[in-house]
Each structure stands twice: as structure tokens, then as C-alpha cells.
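Here chain A shows up in two complexes: once beside chain B, once beside chain C.
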Partner chain A sequence: MELEKRLLDGDKRACARLISMVENNNKEAISLIKKLYKHTGNAHVIGITGPPGGGKSTLTDKLVKSLRDEGKKVGIIAVDPTSPFTGGSILGDRIRMNDLSLDPGVFIRSMGTRGHLGGLSKATQGAVKILDIYGCDYIFIETVGVGQSEVDIVRTADTVLMIMVPGLGDDIQAIKAGTMEIGDVFAVNKSDLFGASKTAREIKTMLEMNHNMDRIPPVMQVTALKNEGIKELLNEIKGHMEYLKENDRLNKRRESNARAEIINLIEEEILSLILRKNESVGVLDDISQKVALRNMDPYTAKDEILRAIDL
Partner chain B sequence: MELEKRLLDGDKRACARLISMVENNNKEAISLIKKLYKHTGNAHVIGITGPPGGGKSTLTDKLVKSLRDEGKKVGIIAVDPTSPFTGGSILGDRIRMNDLSLDPGVFIRSMGTRGHLGGLSKATQGAVKILDIYGCDYIFIETVGVGQSEVDIVRTADTVLMIMVPGLGDDIQAIKAGTMEIGDVFAVNKSDLFGASKTAREIKTMLEMNHNMDRIPPVMQVTALKNEGIKELLNEIKGHMEYLKENDRLNKRRESNARAEIINLIEEEILSLILRKNESVGVLDDISQKVALRNMDPYTAKDEILRAIDL
Partner chain C sequence: MDRPIRVIVAKPGLDGHDRGAKVIARALRDAGMEVIYTGLRQTPEQIVAAAIQEDADVIAMSILSGAHNHLFPKVVNLMKDQGADDVLILGGGVIPEDDIPGLKEAGVEEIFTPGSATQTIVDFIKNNLKRD
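Up next is the complex of A and B:
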């Protein structure tokens, strides 16, 4: 197949085309990933997340520029909420209007929540594989928001970079509680603002309280807009990969990521089976109506549908 | 069964006990919901969400107090991220130390993300049903964060109240894009702050641009801390229920919510089947290892496991 050869040769257009195909759940693209799966696993995959207003995209851009100075090939997947009002992903269009998008050594793609359940995670992970085969040394997955599904997407990375900022308001404790455990490296961005050292200290204290960890994640202070602390942060990210490569930790990590990915693929498949069955005989519609009218409870409904899809 | 009678009689302790049982996925509690499901559907279920720092819990408390003045019976489920560091849900303990928790006409429960996939949504929806049988006139589901799974939980409500605040920073556009379409009523909280009217106007403009809606959601300005605008907001929330009751809209809404709930229950069941199979023969562990080592691709892994669980 021509696309296969072009992807392995590092053809950017072929890469873009295949990622679009994966987004559309195209069978040919999935077959190609299956065939070339042995060519994956070389890239260092970095997930970036944190609360809204944290400056994730600016920080990602600076990290990428630093890697470009080293001659590395980089991919960025920005996971954005999509608005049905505008029909597109607002954020992606807004943030990436910079010189990175003109750099032939950088591949950038925004992915929106397309509405189909479980689909975004599948598309993101497919895109990571294609970028890996394409030859990226580093792949960034950047998500907006602090919700569980964003966390699920980001934790499929080798290294999770958690971005915090000083003075996030009342909910900072809650944000920390929800995301603290998934960070491998922490960055307090906008460290030129008042309270940055205090925030960094608080995070350190919380991390040190956790005796289950065999490695306490570093907490770095950076100011992405002024390009301050970027090199040091990048060194910590690379350092985390070195750490993983000791004592088979990288394999363990990737095993647990594979586990999550497989479960996600299974859920998506079951869902598509149900929807297909509904299209032919309306089983889900009928049963949902009964539940809404209180003629059947949802637990019985679940059993009936599992019987009906006849997996 | 004694618990059944006590719940139907409006016994608060029985209610609390049953919600804990549902959280622990207790079969007896599920059976009881199945049996008493016909007693649900009477409460007006209100989902409250919005970005961190929006003052959701304060606003919820004021709305609840206003309903209590009318003599209504109210339930609150606060969905919190749980930290493995502290072992409990930080937010729930922090915010509810007020007079509401002493009011016999108010039932408050915090629910944390317990770690098992899909479980939080199931527990929340089970708790809503119990509060409904218990006799609540209004049930609030309050979530922190703007992520997809929080949105999924909140949209199971009859009415979704979206909270915004002035000056949320750069990511406000993204937040709006991701959550705009699920709000039935909008509140700009902290409206004593600079920029509140502008934020309200922006939201109105975005909502009016959406020609798909047969009803443009109201945008209210409130200051929860000063108890300003609460009555008016509550009227809009009640107005939304009146709107739903016209032309069979409430049934349609509940049908689509039932649909989402059933799908969630199915996903959870499939997952528990896989995990049970893994416990006996390690099928998921083995296959994840192969995928991590690039000896099998995740799509083939999915097919193998679906064959192995033999649904």
C-alpha cells in the first residue's frame, strides 16, 4: 500500500491523511496500524494536563521549541472540546497560529470531542501510534480540563506533566486531589505571579506525604511566556524516561496503559454493537422509553439489551 | 424488608444506609431500587456544573435554602474527586460544614471517584433514585470540573444549571465551547465582580447564535455569597421544568437520559466480566503484556478478549 510506504518514509501528508482516517474510524487505517504496530514504542509520549487557565499550550510550545533546537522530531495532539455552535474546535484554531505550525519537524493536530462515546480516546491513541510510526521522537498529548476522561487520555502517556498555576481559587484543593496521583512531573507555570513559590511548596508537601511512591515527582517553577525554566523542566521530563527504563518500569507502565486501551476498545465495540442492533430493530429506543415511563428499571433494561445484542 | 418500608416512610437513616450500599455496589440495594423503581420520577433533578472556582457549592446551598423556605424536601449529591493521599473526599468535608447539614429536610452526600471505571456514574444515579423514593422534591447533583465524565453525570438531570464567573482567564472560550450546549439555565455567579455583565452578554450572544434550539436558555446574574438573584434563578429553574412538561418534552428528556444510563450500566457489566475472567485465568494481564512488548496490537487484543469473556 502506498500510504504505508510513505508513512514509514516520514511523509507528513501521508501522516496527516492517516490520522484523519483514524479519526473517522476508517478500517484501512486500523489495518495499517495493526500491520505496523511493531514500529511503535520508540517515541517518548508525554501527556500534559492541568486546570483551565494554566497556560498548557504556551508551555507545550516552548518545550517543543527546545526539542527542535536539539533536532528532535515532534508530534502534538491537542485534545479540545468541540462546540456544535461553531462546528469546529475553537481552541485548536486559536492557539496554534504560530511558527511551530510552519516547522517541517513538527506535526500538530487538534482533536475535538466528536460526540461518539469512547471515540476520542480511540482516535487519540490511534494518532499517537501513527506519529510513532511516522518517526516522532517525542509526542505530546495536551488536554484542556481536569475531568476524568481527560485524565484517562493523558495517563496513556509514558510521562504525565501536570501544570499548576498560583492562585486558582477555591477549587485548587479539589483539583489537586483529583490529579495529584497521575503526575510524574509537576510544573507551576506563571511563576512570576505572586504566590508561585507557596503553590510549589504546597504541592511538594502533598507529594511527600504520599508514602506509596517509590519516586517523588519533581515540582518545577516555570514562566512559559518568558521562556524561563523550560530547559530544566525538559530535563526532568527526560529524567523520568531514564527512571522508567531502569528495572523494567517502562514495560510495566506500558502494560498498564495497554490494559486501559484494550478495555476502552472493548467498550467502544460493545457500544457500536448496541447501536447497530438499535438501528435494525430499535431495541435501545424501545427499552429506554419503557425506563423513562417507569415500566422497566434500568438494571433490568441492561440485562435485556445484553441478551438482545447476542455478542 | 425493613429498609424498604423505612425508605418509603422517609426515614433518613435508611436513606443514608441504602446510598452507602449502592456505592458499594450491593446487590440487595440494587434489588430494592428495581422493586421500587415505579416510585421514582417525582423529583425535579437538577445538575450543577461549571469551571473550578465558580462557587458551585455556595450557590447550591442558597438555592436549597430558598427551597427549604417553601417547605420542600431536598437532596444534594456532591460529586468530588477523591485523593488517595487523604483517603477521603476533600471537598465534601470542607464545604458542607454549615447549617444545611443539620436540617432534617435536607439530605447531603458527597461521592468520590472510587477508582473503579464507570462506578461513579452508576453510584450517583443509584443515589438519585433512592432520594427520589425517599421523597425528595428536588435533587441536586453538583460536580467539580469541566471534564466529559462530569458532564455525563450532570446531563442525566432534568435541568442542567451551568455556572460561569467573570474573568476566568484564557480558557474561558474552551470551557464555553465544551459546556455551552448542555446548559438549560445559565448563572453568572460573583456578579459583583468587574466584567460580570460582559460575561453574561457574551454567553447570551453565543446562545442566540445557535439556531438549533427551540428554547434559548436564560442567563442570570447572581452573587451567591450575598444571596443576590437566587429567587430569580430558582424561578428560571422551575420554569425549565414547566417547559419540559409541555408537549411530552420531559418524557423525551428522560428517555434520552435512560438511554445513557443503560449504556453506562452495560459498559460497567462488561468490564466486570473481563476483570472476573482475568482474576481466574489472567487473560487481560497476559494480553496487555503482549501489547506492551509489541507482540500483539491492541485491536487484535480487543478481539481476543471479547472471544475469551464469552459473554
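Up next is the complex of A and C:
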């Protein structure tokens, strides 16, 4: 296991190769995670989401620089959508983080969603584990952006940082319920632009109206481009981890995340089993045709397919 | 190969135009590749660091400023220093005919000049990868 040793020694090429292997569902990488899983869980995993162009990458760059001043080792996973038509993608988040490329204590990886719909890629959680084993103290995950879907990030991160921008104004009322509920810390970025404090006030009001929360998330104003408000924001992110560590909250959050991850893995496995079996005998094609021609109903089709794999 | 090809598209040097690089990036994406676009004014060190962390199969660089004879071989050598010899390195941009043999000798696998059809580049990549 040469890769394992190199990963534990902090070798970036080994880390990069292993993340690719996880993305490609490689057995060797999975068994490495199995073996070393008990050593993970030390990293503070921070999910960053918000509207496209809101400054997620720029802000990540600044937060990470601040953590580097403290000597922390940091991993960044930046996810962008894959085209469902061509399977290709342009991953452009690195543009905002180029200064960090050469920092020995930072590892940046771009990922395409590759057909996964929850806002991250199927392999993001695996990549987080590799970076954890690699020794990162903090791992940032930039999602494809709010609105596309934010299910995955809540289930993957310890802390969700929700980025907003000024000028949302009345639109804040229209923001889907889910969006406001998943943020553990809010940041109004681009506070150099008009309307930032109004937006921050409106977000605060909305959060206070939510009576279910035993903790009202802080709303911070930042200007990532000018590196303003970054230390304060970072303190709130760390503060959230302190909060989680009280009263067993962190374990509970990670337990519910683990449950979701396990169910996900099972779903994937079952689906790929079904598709593999049926594709090879062309059953799925036949059945779909029958359903289209009204010769069979979809419920019976489902029963037939499940019977084919002996479930 | 049942995984997407990963390509770093980079603009080393000081020139401020990346239209050509963006056209290439889009063509490679449309051919089903994962393109990591790193933006303008990259140093060879930054390009290599990105290629390593992204576990890229290909580095595609474009230069208009005339610094190709220095910058392209620099990237090739830095990759060698990292022990990463399984990455296909390509150059493009405004490159005089006379410079091409020297660049190839230095380890740039192929040079594409502004007239090259994007399909030619796509095909070249697909046929010349150094790992599977």
C-alpha cells in the first residue's frame, strides 16, 4: 500500500490520485478508507453555499488564508455542475483561489457533479474522508450553488455557511424555506455594495421568526474582495463548532449525517445492481417499451425488475 | 475509458486575453471532458500545482505574448521534477512555425496554432493520453 503511506505522509500527488480513485469507485481507494476511517472525524467540515456568483469561491479563498495564518492545514473541494448532455463540465472555482495553489498547507480539488443531483457529487463525501486522512484541520466544500439543491451539503458538513448578497430585498421573502433552515452561519457578502445592511437586517428578522431554533444563526457582513469582516466570520464558524461540541450535538449531527450517507450508499448499490443485471439482458428496454405502449403498467414493471435481481 | 478526461486549461504569461483559451475550454467540455479553468496570468509553478492537485490527464496552455519558448518547457520540467510524467502537455496560441520543433523536443507533445480546428485538439487528446 504505497499510496496509503504517501497519503499519511502528506504527499499531494497521492492525495490527488486517491480522490480520483474514489470518484471512479475504485476498490483500492474504498478499502483504504475502510481501513483508516477510524482516524477520520478530526477535520471541521464547512459547507459553503449561496447564489451563483455570490462570492463563494472568493470568500473561501479569504477564510482559508486567515486559517493559514494560524498554521492550519486546509482542504477545499469546489463542486460545479456537469452537463447532463455531454458529461463534460467547466470547473472554474480555482480562478479565485490561485494564490493558494502553491501553499503547501492547502489542497484544492475541483469536482463535477457527474449526474448527481443533490448539489454535490456522489464522491464528495469520499473526497472529504481522503482529505481528513491527509491531515486537514479544516475542509471547505463549495456547492454548485443554492437553488440547484442544498440537500447534500447539510448532510455532509458540520457547519453550513450560507452566503447572501445585497439587493435580495423583497426577494428574501421568496427564498425557499429550506434555504434559510440549513444555514448555521450567514454572511452577507459584497457589503461594499448598496443595501448590505438592509439585507442583513432582513435575514436576521426572518431567522428570528423561526421559533424552532434553539440557536439563532449569526448574520455577518463581509466584503470578500477587500478582505473585510473575514476574521469575525471565521470566529462565528469556529463558534458554531464550539456550540456543536456542547451537549453531544456534534455526535448527533454526525449520526444523522452518517445515516443519510449509509442509505445513499445502499440506494446507489441497489440501483447499479438492477441496472447492470437488466441492461445485460435488455430487460429494461423491453419493459420500458411495453409501458410506453400501455401493454404493462409501471408498477408491474418495477415488480418484474426487482424480481429479476432476486430482491 | 469510463471516466471523464480531466484537463487543466491555463494561460501562462502576461497577456490579458483568454478568449482562445475559453473557446478551447468549451470545446473540450462539449466533448465530455472535465475542464479545470485556471484563468489568466498563471505562473508555471501555479499551473503545475493545479495539475497535481486536480490529478489532471492533460495540461493545455495558450500563450499570445511570445513567451512560449520559456514558459512551456518550464511547465514540462516542473512536472518532471514532481515525478508526474503521465500527463499530456499541449501548447497553443501564436507560435511561429520555427519554434515548434524546439518546443516538441522540450517535451510539449503537440502545438496547436490559431487555425487548428477544435475537433483536431479533442481527437489528439483522446488518442494520446498517457494513462487510462
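One rule holds in what follows: the second predicted complex is superposed on the first by the 273 of 311 C-alpha atoms of A that agree within 3 Å, B and C clash if a C-alpha of one lies under 4 Å from a C-alpha of the other, contacts with A are read in each partner's own complex, and residues count from 1 in each chain.
Everything below uses one rule, namely that a contact is a pair of C-beta atoms (placed from the backbone, for glycine too) under 8 Å apart; a residue touches a chain by one contact, two chains touch by 3 or more.
What you see is a predicted model, and the numbers here were worked out from it, not measured in a lab.
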item	value
Partner chain(s) touched by A:251 [first = chain B, second = chain C, both, neither]	first
Partner chain(s) touched by A:37 [first = chain B, second = chain C, both, neither]	first
First, second, both or neither for A:200, with chain B first and chain C second	neither
Partner chain in contact with A:109 - chain B first, chain C second, else both or neither	second
First (chain B), second (chain C), both or neither touched by A:101	second
Contacts of A:301 with chain B and chain C, given as first, second, both or neither	first
Which superposed partner A:12 touches (first chain B, second chain C, both, neither)	second
Chain C-contacting residues of chain A that also contact chain B	82-83, 86, 89-91, 94
Residues of chain A touching chain C in the complex	12-13, 15-17, 19-20, 23-24, 82-83, 86-92, 94-95, 98, 101-102, 107-110, 112, 114
Of chain B, residues touching chain A in the complex	30, 33-34, 37-38, 40-41, 51-55, 80-86, 89-91, 94, 113, 117, 120, 125, 144-151, 168-181, 206, 209-210, 212, 251, 254-259, 261-263, 265-267, 269-271, 274, 284-285, 287-289, 291-294, 296-302, 305-306, 311
Residues of chain C touching chain A in the complex	2-4, 6, 25-26, 28-39, 42, 45-46, 49-50, 52-55, 82-84
